[in-house]
Amino acid sequence: MFRKVLIANRGEGALRVLRACHDLEIRTVAIHSTADADAMHVRLADESVCIGPADVQSSYLNVPAIITAAHVSGADALHPGYGFLSENADFAQIVALHDITFIGPKAEHISVMGDKVEARRRMRALGVPVVPGAEGALSSLEELRALAGEIGFPLIVKAAAGGGGRGMKVVETEGDLEGAWQLARAEALAGFGDDTVYAERYLATPRHVEFQILADAHGNVMQLGERDCSVQRRHQKMVEEAPSPAIDADARRRVGDTIVAAVRELGYLGLGTVEMLYDDGEFYFIEMNTRLQVEHPVTEMVTGIDLVCEQLRVAAGEPVSFAPDAFAVTGHAIECRITAEDPETLTPQPGRAEVYHAPSGPGVRVDSAMFGGSEVSPHYDSLIAKLIVHGRDRDEALRRLRRALREYAIDGLANTIPLHQRILEHPDFAAGEYDVHWLERELMGRENP
Amino acid sequence: MFRKVLIANRGEGALRVLRACHDLEIRTVAIHSTADADAMHVRLADESVCIGPADVQSSYLNVPAIITAAHVSGADALHPGYGFLSENADFAQIVALHDITFIGPKAEHISVMGDKVEARRRMRALGVPVVPGAEGALSSLEELRALAGEIGFPLIVKAAAGGGGRGMKVVETEGDLEGAWQLARAEALAGFGDDTVYAERYLATPRHVEFQILADAHGNVMQLGERDCSVQRRHQKMVEEAPSPAIDADARRRVGDTIVAAVRELGYLGLGTVEMLYDDGEFYFIEMNTRLQVEHPVTEMVTGIDLVCEQLRVAAGEPVSFAPDAFAVTGHAIECRITAEDPETLTPQPGRAEVYHAPSGPGVRVDSAMFGGSEVSPHYDSLIAKLIVHGRDRDEALRRLRRALREYAIDGLANTIPLHQRILEHPDFAAGEYDVHWLERELMGRENP
Amino acid sequence: MPNFPVDEPLLRRLAELMNETDLAELELTFGRRSVRLARGVRPSAPAPLDPLPDPDPVPGEPAAPGPAPSSPDPDRPEEFANHLGAVTSPMVGTLYVAAAQGAEPFIKVGDEVGEGDQLFIIEAMKTMNAVLAHRGGTVAQIFVENATPVEFGALLAIIE
Amino acid sequence: MPNFPVDEPLLRRLAELMNETDLAELELTFGRRSVRLARGVRPSAPAPLDPLPDPDPVPGEPAAPGPAPSSPDPDRPEEFANHLGAVTSPMVGTLYVAAAQGAEPFIKVGDEVGEGDQLFIIEAMKTMNAVLAHRGGTVAQIFVENATPVEFGALLAIIE
């Protein structure tokens, strides 16, 4: 096992990794910007290194500074957390070149899955169903027209390098094709420095259901059940739950087996998430995230498995800590991402939490780096906390979540708890009947993207 | 189910009950002294009533004020929490006389079990093994001498109305009998206003193992496994775990069945705890606590059952929410009681927590009413928090507990975390080898009581 | 690190109060918090002490700016809680303003009362408890209505 | 982080408040923290503005009422962090005081340096980065040793 891990992240994500390291008695090195000198991840790590000023380019995305911090602190491994450099294949390679273990999949898989067109092609070749559409990048408007003739309308044009909704255009009719083509390419270029786009059938009311993958170097490849992350706004997940209220044991096993076979064939190592759309009884591959996922705790709550500890074990060459056929999904878990944003407009509202009291009690977990008097800085993302509940069944989980949201005391910081309460009180959510457009359609007063 | 419950308690105990009420969508009324006006239990309740000044006699033990608060707020039930009036049979009766449901067992059982001599007699008659000793109160020194001739030395003289170690004297030889007799009676009179004492065989290195009882009005009587609470100082529990590392499935089932039969015969209703000593393969009844126990979360963590919700259901006449034969103990849980006391001398150190950040992550639960800036008042007990961890096995629980203790950030308040860390690091504790005198013998530099 | 929780409006208010009343020093302690202010002493006669503004401002709310409340807001009875003439409830219970339903209230605003005069009745546990005037004076304010619940320490009236 | 959380804007604000309200002293305590500020008392109204109280008091000690420390303690480099002549590390890396092992250090205490003179080398990612003087003057203090790691922002030297 590793002796000392540098955590190349901040906030609750850094704390999450720190906890797993300390559980396994691995020493930790925190990195931080000048703005985070008093942050909890710095305080709780065994060592810390200030790597740059507040802006992320100069600190948390500053590859030379991070590698140097690992060197001067003598870390033998590096965990990228999520966000920042966690899906940067070049970074993973640079880390490895410096004889530091990158805690994540092989760089080649980060690279393949980072290219959405290539990812789709590979997964399709491995037998995973994909949304009908272009096999590769579209080189001209004429190719797009030809594809539309094949798969029909509505279709969606997407940036190959994209994510988070930028560079995506829904096309309803033939007449809108040219405008969408130009707009999607322009946004792709502006957003990602690459105007490569592809297109596929547009599913009107799909659910976002993703499967947690874990593979070690001893031949164990498994999926640890799914998460339903359909409650989204502008492609940002707000609420996640496991299991999905929409799929049954049979569908789960069928698609799960397909995914495991593909991931095994790929030679994948570590944690990963296969994101699928689920529409009208069918699953379609969207993308694979080659890292720990923000919403991983819901899987931890229903399986009792610490995913980050498993990730560390796998990266150190050890087998997973449980028999792949001995794990079971027990009960139901739901997570709310609470952010320092206006609950109506979702505009970020940085500030200081004068009083901070997180909920607790049976089945309640809060992953957060906040404490009374701490600040949500305008330099970084606005996540205050992930509130996760577990219950013996979905009803118990819902009751606990409603209670816990109500119990959260955050004074002095606008936050999304009121929006989460509206979601939880909505009869559709209580019934488990929602799709990826539901939140915007029902609660945010905004048309589909 | 109840419409509105008055919670006759403060601090984390009040919060615990509040959480269960809100989970079941019952409205809550907090009571508080003037010193607790800004306390978290007051803030989170639906309503609150200030019932008196800071001292407990005028507030949390002020029966007329509490009953009046229940009346003016229109509560239809009252939960006493633990401590304060929770084992006061008169209070339970007064509550009932005012047409308010007392959430606890019948007053007769509170009364019987409150008299340690009578409790022992009743349980023995119901087939539960007791420590060899006096069948009832000892009326003279001569009776004590005769008993010593029967059961031999060492023996222990105890106050019938006692608890918490006061009025207890260990006698090693015949020559010490008279002194112990006088001292025990004097302490009993001073401590409890009643000089009745009894005596029994003194077990030198017993473990304290207690069984969680739950009985409803529909014929369900069950024990939800045991808790090992042997890590004590001056009869105050410091660390509790479930299951006990010392007993096996066979012993557990055997004594569990005996206890369930006795409790059923007693006609007991609600939650209760049967405390036993376990020595050399044998169990001996000590006492039964007729209330929710401070350390109940370890049982919740290994069973997935919310004991306070069950208590509310039973008090409302409903059956328990699970099939008695369907519950299972899964994994291992340990609790540390963290108090604002000097970790060496255990003298209380009231004060203000300038920074407060509780640990979290998989398998970690913290029950506490503290927040950054809040105070531990000299008026009340010094509990800061109960830190409870759960793991798939005892080793995982121990690792998580060590990590969580280290992660706790409490600035400005002396606390017992360093002592808990010493306990957790001790090879005896890691091996599960400890008895009720272990803590004082090994870590507190103090001879046996 | 949380900041030093300085309540600037409160400090300004205290400073103004010191200027108005020509105080040289002012020191307040609330538990472990304390504040001390001193002014350059001026050659003038000592002025009588005004009642302090709310010495225990509600945490989480900024202290109201402006001068010390010389004409208190009747909607904010907590401002009077430490007034020398404040009559507070000695217990939780149901308050009555008269000896019987329909009878004349014991007091109304403007009444002169003597020390020990009955002001209210509080019912708790079926017992009726008299609330008596702790000093003589004029009834300046009454904050409670008949047959309503009151907490321990609730402000009932002001006798000036 | 255990260092003393000095809030310079707060101190400035308090000092301004004292000037505006004509306070002579102000002392605040919150638990174990305290701050005390004092102004020179003027005998009458409009007076020229006093120098502000030490805007960056000695870390680890309550804010001193007297003037700013003119002879800082060489064992406490953090005292200089906001000194105008402070040379801080532009990056995390390994610091070298000389161009090669065994060579003369670029600077020693008492040396005169010109703006742009090389002071140190910091190695990061196998690249050698020169640290240059941001102004000319005398090297008053050097806080780092050869071949040791430095963080971003670490205080390296003082040029006076």
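The letters A, B, C and D name the chains in turn, as written, and every chain counts its residues from 1.
The working rule: contacts are C-beta pairs under 8 Å (C-beta built on N, C-alpha and C of every residue); 3 or more make two chains touch, one makes a residue touch a chain.
As the structure is a prediction and not an experimental result, all values here were calculated from the model.
In terms of the stated touch criterion, the partners common to chain A and chain C are B, D, listed by label. Set against the Cα centre of chain B, the chain with the most distant centre is D. Averaged Cα coordinates give chain C a centre that lies 48 Å from the centre of chain D. Taking each chain's centre as the mean of its C-alpha atoms, chain B lies 42 Å from chain C. With each centre defined as the average position of its C-alpha atoms, the distance from chain B to chain D rounds to 55 Å. Here the spacing of chain A and chain D, counted between their Cα centres, is 42 Å. For chain B, residues touching at least two other chains, in rising order: 351-352, 354-355, 372-373.
Annotation for chain C: residues 1-3, 32 touch two or more other chains. Chain contact summary for the complex, chain D toward chain A: residues 1, 5, 91-94, 124-125, 127, 149, 151-154. Taken in their complex, chain A has these residues touching chain D: 34, 37-38, 42-43, 49-53, 59, 64-65, 67-69, 71-73. Of all residues in chain B, those touching chain A in their complex are 15-16, 19-20, 22-25, 40, 43-44, 297, 300-301, 304, 306, 322, 330-331, 355-368, 371-373, 392, 396, 399-400, 402-403, 406-407, 409. The part of chain D that touches chain C in the complex is made up of residues 1, 5, 7, 10, 13-14, 17-18, 21-31, 33, 35-36, 38, 41-43. Against chain D, in their complex, chain C makes its touches with residues 1, 3-6, 8, 11-12, 15-16, 18-19, 25, 27, 32-41.
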